[in-house]
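See structure below.
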Amino acid sequence: MRRKAFALAALVLAATVAASAAGNAGKKTKDTLRVAIWEDLKTMDPQASNFVSYWMVQLNIFDKLVYEDSKGVVHPRLATEWKFLDDLTLEMKLRKDVVFHDSGKFTAEDVLFTFSRGKANPVSASTFAPFDLEKTVIVDPYTIRIKFKTPYAAVFNTLSTGRGAIVSKAAVERMGSDAFARSPVGSGPYKLERWKSGTEIALVRNDAYWGTKAITKNVVYSIIPEAANRVIELETGGVDAVFDVAANDVKRVKAMKGAHILMGNSSRYMTLTFSMKDKLLSDKNVRYALSYAIDKKALVDAVYEGTATTANGMYPPTVFAFKDKGVMPYDPVKAKELLAKAGYPDGFTMDFLVENREIDIRLAEIIQNMWAAVGVKVKMYQMNASTYTAQGHKFQAGMRAGNVNEPSNILIIYDSAFGERLEPNDPWIDKKLAAAKTIYDSKKRAGAYAEIQDYLYDARWTVPFAFTPVIYALSDKVEGFACDPMQQVEMSKVTVYQ
Amino acid sequence: MIKFIFRRLLMMIPVLIGVSFVIFSMLYFAPGDAADVILGDLATPEDKQLFRAEHGLDKPFLVQYFNYMKGVVTEGDLGTSYVTRQPVTIEIMERFPATLQLSAMSVFLAVVIGVTVGIISATRQYSFIDHLATSLSMIGVSMPNFWQGMMLIIIFSVALRWFPPSGFSTPMHWVLPAVTVGTNASANIMRMTRSSMLEIIRQDYIRTARAKGQTEAVVIWKHALKNALIPIITVVGLSFGRLLGGAVLTESIFSIAGVGKLMVDAIKLKNFPMVQGGVLFIAFVMSIVNLVVDVLYSFADPRIRSMYTRPRTRKAATAKEAA
Amino acid sequence: MSDTVSMKKRGQFKETWRRFTKNKGAVIGLGFIALLAVCALIPSVIAPYGFDDQLLSRRFQSPSGAHLFGTDEYGRDIFSRVVYGCRISLTLGLVSVTISCALGIVLGCVAGYYGKVADNVIMRVIDVMLSIPNILLAVSIVAALGTSFFNLMLAIGIGAVPGYARVVRAAILSVKEQEYIEAARSNGASDLRIIVSHIVPNCMAPIIVQATMSIASAVLSAAGMSFIGLGIMPPTPEWGSMLSSGRAYIRDYWYVVTFPGLAIMLTVFSINLLGDGLRDALDPRLKS
């Protein structure tokens, strides 16, 4: 009990204390930062990437036009200034002093080329869909006038997340996309030095960088899929920083000498999804019964050991226009009543698809048990992430993790055009989603999303149940490691002391 | 001998074609479409159609298989990974050194420990050492090696800090995985050595050798071991072959980027070219290992050697199979 | 005629049993397997809790009188899960061995008895199978057919076929030319009859030994498959999947992985003891 209280206190501390640790002042710095990450990248091509884990490495190699912070303020990067000429036209002025890693000069051609790659790649196509590239004009090498087919409220989000990373046109054309994906040419603070697939990715400082040059010369990402092993590596001095610490390792790191936990809110959430083309689940009583049957708080507390919060809305509070709807209530008695009302007094059996990640399976086993308590049996299927996205729609119920920081991208799963997962085919929601994307005025846009969230909460096509934090474990010798909700940590700002 | 090796190399061809056909058909008839899996649900039907056309997935089964084999035979091209879009050959060669090294070290460890302990056990049957060794070897073959790997990490990485828990870059990194993989193999080899030595020791010519007054060491290490070698070589060959693609569990516990893990990931992702190429490659290496094992047989046993120089008789073939 | 045969058989059995019981290890192994079999047959009588009785307020309790092996990350009684797990592991071992045994015997008989073309073809097929590491073969089969209990047993069973085929073929080659076979043949017995009633019974000894040993390796392979997530789906209490899901907690709660691990080890250990005992008993040549 005492240990638990200590752990909790430690968590609170960790969330508030900044990354900087006392006692490093005046010490010499090391020229290599070693970081443990959980999976290898399949590609270094930003427009072919749709995983946070890919972007978090790529962001050190590539630059973006702008950077939109979590408060929605847009900061200049490769673009120095910009203005909307009208609702469908955005003019951006570009930096003139930027060179790519292969010494080629950065111009508006590269920007247009990057957009066209985004549109062409299925992985990024939906986020670049509103861009009208035929009408987009390169005014001069450092000015581009971007045209949209419809007003695009999320444009700065698109430009500042991973898919918006600017690639060198000359390099891609010279090497071809496949070779580029292994030896990327960007303009970021680091260059790719070596990449031993499945083992490590080593970056080296780009001394020709236009901005503040990286503090630490080398960054080495070690790929260690087992969460427990990542922490053991930190403990034994193999790495200086660990991404994605398991909840049950948090108190161990806190107790460790010379290391600490850095934890903060994230844009990650867990939700249950129900297929609306399924006869059983298209009954609202059934969906409510399944929602009532789950004790979300007990579930989240057990699996995340107190590090996550029970979901009180349709998407995480870190995302624009979040509306607090309260936690969806737990009431097994009511669940049984509703099942009886729907014509299933003895329950039924359904498929339940889960991504085969440790934590997801753990959540699923508890949910399975809670559903069984009201008579609903499930047949569980496990798939890895990419099979999951491809096959998800073939199953009745599923559990998915979302990790996106823009409402239109989160809510895309409810869109009929997207189709393959929930398939609600609800004209009202389609209309509202399409409309919300085009509202530039943030107050009005927030209003539109609030309305959508009310509707979704009521429809119960999904049951969001957990908002999970990002958890890093750092050596006390590491400074300047910023806790980003999407794990997009800029390594160029990190110092490691001896 | 050279003729024999050449013939064996020729015999590998139908086996490899068989392997490729089995794996190809298994994957072809597996549910799930590669285009779905690789492109994800964000792709449009047109994208998927394009992908299928680009990779020839819209062709009939036999045509696909034929095209694939044509590439393999004429250009040594195992295809391109759907996932990373890199040549399969490059991906395998990136991972193979670690796997080969892990297998070789484990087998070396296993042979040294297994043969030595096996001989000691056999020569002192029913002694305390024999009982201890047989019990330990029994535990060795019974222990799930992923469990053993986890325990080794807890003891030697976390508690004692002697060896790093993951990776495979320096000699210190090699120890725990090699021990994990080697335990099972050495237990097997020890058991095989012991039982075949026990059988040999009772044979007449050993008695004769003893009667002739040769020292016990000469009797055991020269006469007996030489004759007990065949089954030992078989077990060594088998373990080595098995490790080349089968050390998946150890690789995942110690985060080693080896061929086994590559293959299991590829199978889960339905990355067909990777799976086909990988299995074919592993089968090729295993065939080579088997060939080496057969050549070693002939060094160990003159009866078998004579089989290669004279026309193969049924009796000799039987002797070999029985071994 | 049949009387003398059965008498002779009974005498043989007695002799074998006598030799078997002299081997202390084998008897211990047999005893432990009997215990597992009881657990597998009537788990609900032995286990104090159900295998999926979750209680989140009861997570990670150390072993005690109430929970002999402690409780897991869902507050389930580990002892009960280990007991229920016997059924899974034993079924899996027996069924997969039956599959491989049946296929292996047929292939081995045909190859050994008919020789020539049949032998060549079958042995090349066996070579093909031997060139694919068992675990990769099993993983591919499960990937192709989908994850289910039966497919897992099938995948593991198929991987073990070459072992049987080789053993049976070698055994047949060694008895095929003996006089009593020639005698049967000259009496006009059909090939099938000769194989079934004369040849197979005479190579039962190596088959039994091989079968026993491969139950052990089937249990290990299944645990391994569950460990990489291609085995048995939760909440079924398979020992390998218990290890897999408990491994995150290994440093805090030793009992979560220790007991399922021990269960696998002791089961495989006793099956191997039994197998060794059987081999020695059936093949007295090895005993001094």
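We call the chains A, B and C, going by the order they appear; numbering starts again at 1 in every chain.
Keep this in mind: contacts are C-beta pairs under 8 Å (C-beta built on N, C-alpha and C of every residue); 3 or more make two chains touch, one makes a residue touch a chain.
Just so we're clear, the structure is a prediction, and the values are computed from it rather than from any experiment.
Higher C-beta contact count, A-C or B-C?
B-C
Taking CA centroids for every chain, report which one is farthest away from chain C.
Checked the centroid distances; the maximum from chain C is A.
Going by C-alpha centres, which chain would you call the most central?
Going by the distance between chain centres and the overall C-alpha centre, it is B.
What is the distance in Å between the mean C-alpha positions of chain A and chain B?
Taking the mean C-alpha position of each chain, the two centres sit 40 Å apart.
Report, in whole Å, the distance between the mean C-alpha point of chain A and the mean C-alpha point of chain C.
Going by mean C-alpha positions, chain A sits 46 Å from chain C.
Mind checking the centre-to-centre distance between chain B and chain C? Centres are C-alpha means, answer in whole Å.
22
Where in chain C do residues touch at least two different other chains?
247, 250-251
At least two other chains touched by the same residue of chain B: list those residues.
158, 252, 268, 270
Would you mind listing the residues of chain A that make contact with two or more other chains?
Within chain A, no residue contacts more than one other chain.
Would you pull the chain A residues touching chain B in the complex into a rising list?
Touching chain B: residues 40, 42-43, 50, 122-123, 125-126, 177-178, 181-182, 196-199, 222-226, 229, 232-233, 235-236, 238, 384, 386-387, 389-393, 418, 420-421 of chain A.
How about chain B: which of its residues touch chain A in the complex?
Spelled out, the residues of chain B in touch with chain A are 32-33, 36-44, 47, 80, 83-86, 91, 94-95, 153, 157-158, 161, 164-169, 252-255, 257, 261-262, 268-270.
Which of the residues in chain B come into contact with chain C in the complex?
These residues of chain B touch chain C: 14-16, 18-19, 22-23, 26-27, 29-31, 125, 138-139, 141-144, 146-147, 150, 154, 158, 195, 198-199, 202, 241-242, 244-246, 248-249, 252, 260, 263-264, 267-268, 270, 275, 279, 282-283, 286-287, 290, 318, 321-322.
Mind pulling up the chain C residues that touch chain B in the complex?
It is residues 124-125, 127-128, 130-136, 139-141, 143-146, 166, 169-170, 173-174, 216, 220, 223-224, 227-228, 230, 240, 243, 247, 250-251, 257, 261, 264-266, 268-269, 272-273, 285-286, 288 of chain C that touch chain B.
Which of the residues in chain A end up touching chain C in this complex?
Chain A reaches chain C through residues 227-228, 246, 248, 252, 295, 298-299, 301-302, 356, 358, 361-362, 364-366, 368-369, 372, 379-382.
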